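What follows is a set of structures for review.
One chain, chain A, appears in both complexes that follow, with chain B as partner in the first and chain C in the second.
Moving on to the complex of A and B:
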């Protein structure tokens, strides 16, 4: 009976040779400079308008307050604006610039925006065809007629997928920092960032807010991003076992992820939506104290819900894969 | 003799429909065993059950004594197989493919890979991407993969599908060579001629049932061949042939492949007769001033074999 390491080597090699990861890096290399450029324009604009960042933050607060008094702004938006105003005020009171332009801050805000849609899509590119791809090409017949347990074959695929997901998150952070650093400088690791805001409704409780160095904040963000990326990967893994066609399995997962993004944007009064995995993906939001998409959600809640989804996906994947008849 | 493969009372039900009924057969060490049946007869489903791709509803498969469903890892170590097409990773090179499958076996290293590459004569192209390979080369790579673990049984499902005549001939010689080295080979096909040229014994399957099992030559003798006559005076000729009690004239329309037997010879007369009787019949026709343009003996096809078999079944 062969050991598990050579099997993982096989799966890793196959994903590498399919150039999936290569494509992901290319996408990142194309997208990050675009965002960096946009960010640079904003920073230049602000620098021209405001001599001091404090004026800029005060202006932002006034803008938000103006929208709060308008009747035409929907209540959901107002809620997040109210929260933002209180947080900006907190930064102002403690004399900390929340958006000092540097490589680390850019990476931080990029991750914030990427965690619920962009990173999951990259992960889908890796995971969607991991089993269905072998069925589409028929190579699954070769793979499963070797003297290796089916569960071992699947486990080796899971290990390879985990590695590539981790690598994707790491490469995203590194490329962001490397590219944004070119424009904004590579400093900012020690800059204080406030975390620990408690948001209930539209009231921010900052009694437990505290400053942590930005490098630590970034590490926490990367960890949470990895966690939600892994859950998406596990679900894609399951779908890839269940659906024979790669295109169909990719579409199913994309639809689920995008639906989740839309649902959380609607900040719906449909509260049971909070048990859907896709609504819980934006874990990094809990760090900076942005209001959760649905009331009653918290970091432990989201982590638990995602874990349950992930475990179910694993159980289904292994249960089906080890038993199913390979008919095509 | 030792049984490398033994299949006992195999049944498979898919969505309430039984598609394999009570299939049993055995393959002995060193023999080439043919698994013959038309498309959709259950050949591939049976083969998939042999290599644990499909779980049988009931019955058992043993390879070298190991129960495939209960100890698949032990049983599959002794099998190399190609199910349907030789499917290999097209984005890898031939060598990378073999390396990949070698990692799934214990104790198969670079020397063994080099050995199988030489055996299937792929040395020159082995480091090229598989997507640049021809079907014949893929077939050979598939066989190389199957041979990696020094199996005792090689299963090839319709190996000649899509190969050109040269490729088929090469494959035939190759399989014979492997068998002479002591490997048992199970080959499925829908072409009787293919099986006839290669196999020692054959099982014929149709509609998910084994119709018969036995020596190829014995089975072929059971099937009647046809003798096709082309005469310059068709009508008189037909009469003359009809008078002979040893000759049975067959209506081409009644035969499913009558069209192809008569291809290019619209006036041809299809008969069923002993081949030993041909020379005197020719002589007699010539005496009656009927010119013999051609006499052609059509080898029995799978179809005739089936017909004679189902006839026997109906009688029994």
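Moving on to the complex of A and C:
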């Protein structure tokens, strides 16, 4: 492996010079204040309407229960509401505020919402042109005429991509905390959060629920976010090997990810959709015990499915890239 | 090139650290998942007394704190503005009393029956927490206990073909449930002013069903007997408001009041609270 480090260095700097990472940071800098402002409005409204968080949670439970009694509400919604009611009740019974407004809680809920669509899109911005870009500009010929094995070239690209995926997740967390902290305060690391709810159908089994400090929860969330971001990165990587045009490879991946988000919102009757990667991306949902998009999905299931997709993507990318006729 | 060398080292170091960190986080998930943790709580279960100082009696305090509970009437079903009588009472009290009025919670649930409410009052700490803070509690209950089976057994029929058979058989059982609700309420908060809004016969305009009013009156009489023994409780009759005004005051489901109907209920309550 003597030559691999300089190769990775080269690839890393190439991505850096394309300024994609700047764009990601800029997008985060623009979006997070908007969400923070919205969240601030909600918090202010709640503070004006409710005496304390217990009253607010009680009202939330009652409102959910009222939608449950309505015949117009679709069964899937009712399921998630029933689950939410039981969890809120659990928080109330243990006198723990499920959403005390602070920087850490905001980061937690931002990650929850970003994991299935926003972060994958950022990753796509990084990874979609990693190979196809070289084709578009023609630099791939220079790259491959050097006396280095093709698999090594591809591996160095993969390493560089992994580095940026990690950085993207980390920067998202850090910026969220830094910006939201300005408004909500920087405390909240030690706040207890419950995890370990087992959801089957609309019944929550809380016998294994336990409280963990919020810093640990956030770390677990970030780990899961990274995992699903890496799978998206690997798939984007494969598509980028397979499809010559950068625009086309980006569109393919974006369509897949967005289709997955739509499917997980409406596909509970089509159960084999659970084998699609994009439906499994919302790993953080298993931490807080929100019901999975399709019955029968669990954290080990989703991790396995994603791993299979990732491994297949790797095998295909390396297989194709090392054999393919590049030069025309 | 030296500049890029430094950049590369910085990027490599940063991403190695974050990757390690993220993988550790992922490891925590696996550990949490594979080794079942059995809850050992460092979080104490709620003591309902804590954080909820028993609210002072309404007349003596600077602030009126209202909690509403019961069935769809308290929820405001049928009012196209969604306000129901509760919000109108809150607004009215603000104008009349010149004191701050705080709406704590509206805990009403559509279709709630007296037995369900009694169970909640007995078990649900959240309910108890809210009710302890209140010094004015608005309550409607019993309508579903009496009328649900009637509505179910007549489902799909035209209103004129409704039959109120079985209404009077249900009365004793429903009244027992009601007594439980009142007793639970009293044990949770013995100081708050509690206002119970009586029932009305929503089918008064249908000749065959007019006699249902007798059962409703029977209910109201017995409910009054229960409530009368508690000095802090009051019953507001509303049956007379609706009897000749079904068309004006009931919403299109021919069961719940409409906005105007709720307005009149609120007026009654405000009058009695003067």
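Heads up, the rule we're going with is that the second predicted complex is superposed on the first by the 323 of 328 C-alpha atoms of A that agree within 3 Å, B and C clash if a C-alpha of one lies under 4 Å from a C-alpha of the other, contacts with A are read in each partner's own complex, and residues count from 1 in each chain.
Keep this in mind: a contact is a pair of C-beta atoms (placed from the backbone, for glycine too) under 8 Å apart; a residue touches a chain by one contact, two chains touch by 3 or more.
Quantities reported herein were computed from a predicted structural model and do not represent experimental measurements.
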Practice problem: Mind checking the superposed model to see whether chain B and chain C fit together on chain A or clash? | Solution: fit
Self-check item: Which superposed partner A:72 touches (first chain B, second chain C, both, neither)
Solution: neither
Quiz item: Of the two partner chains, chain B (first) and chain C (second), which one does A:9 touch, if any: first, second, both, or neither?
Solution: both
Quiz item: Now for A:18: first (chain B), second (chain C), both, or neither, which partner does it touch?
Solution: first
Self-check item: Partner chain(s) touched by A:94 [first = chain B, second = chain C, both, neither]
Solution: second
Exercise. Could you let me know whether more residues of chain A are touched by chain B or by chain C?
Key: C
Quiz prompt | Where chain B and chain C come nearest after superposition, their Cα distance in Å | solution = 7
Quiz item: So which bits of chain A does chain B touch that chain C touches too?
Solution: 9, 13
Exercise. Within their complex, state which residues of chain C touch chain A.
Key: 4, 7-8, 11-12, 14-16, 18-19, 21-29, 32-33, 36-46, 50-51, 65, 75, 102-111, 124-127, 129-130, 133
Quiz item: Tell me, which parts of chain A touch chain C in their complex?
Solution: 8-9, 12-13, 16, 49-52, 54-55, 57-59, 61-62, 65-66, 69-70, 89, 92-96, 162-164, 166-167, 169-170, 192, 195-196, 207-212, 216, 219-224, 226-227, 287, 299-300
Quiz item: In the complex of these two chains, what residues of chain B are touching chain A?
Solution: 14, 48, 51-55, 72-77, 79, 81, 83-85, 87-92, 96, 100-101, 103-106, 142, 145, 149
Quiz prompt | Complex contact set, residues of chain A against chain B | solution = 1-2, 6-7, 9-10, 13-14, 17-19, 137-139, 141-149, 323, 325-327
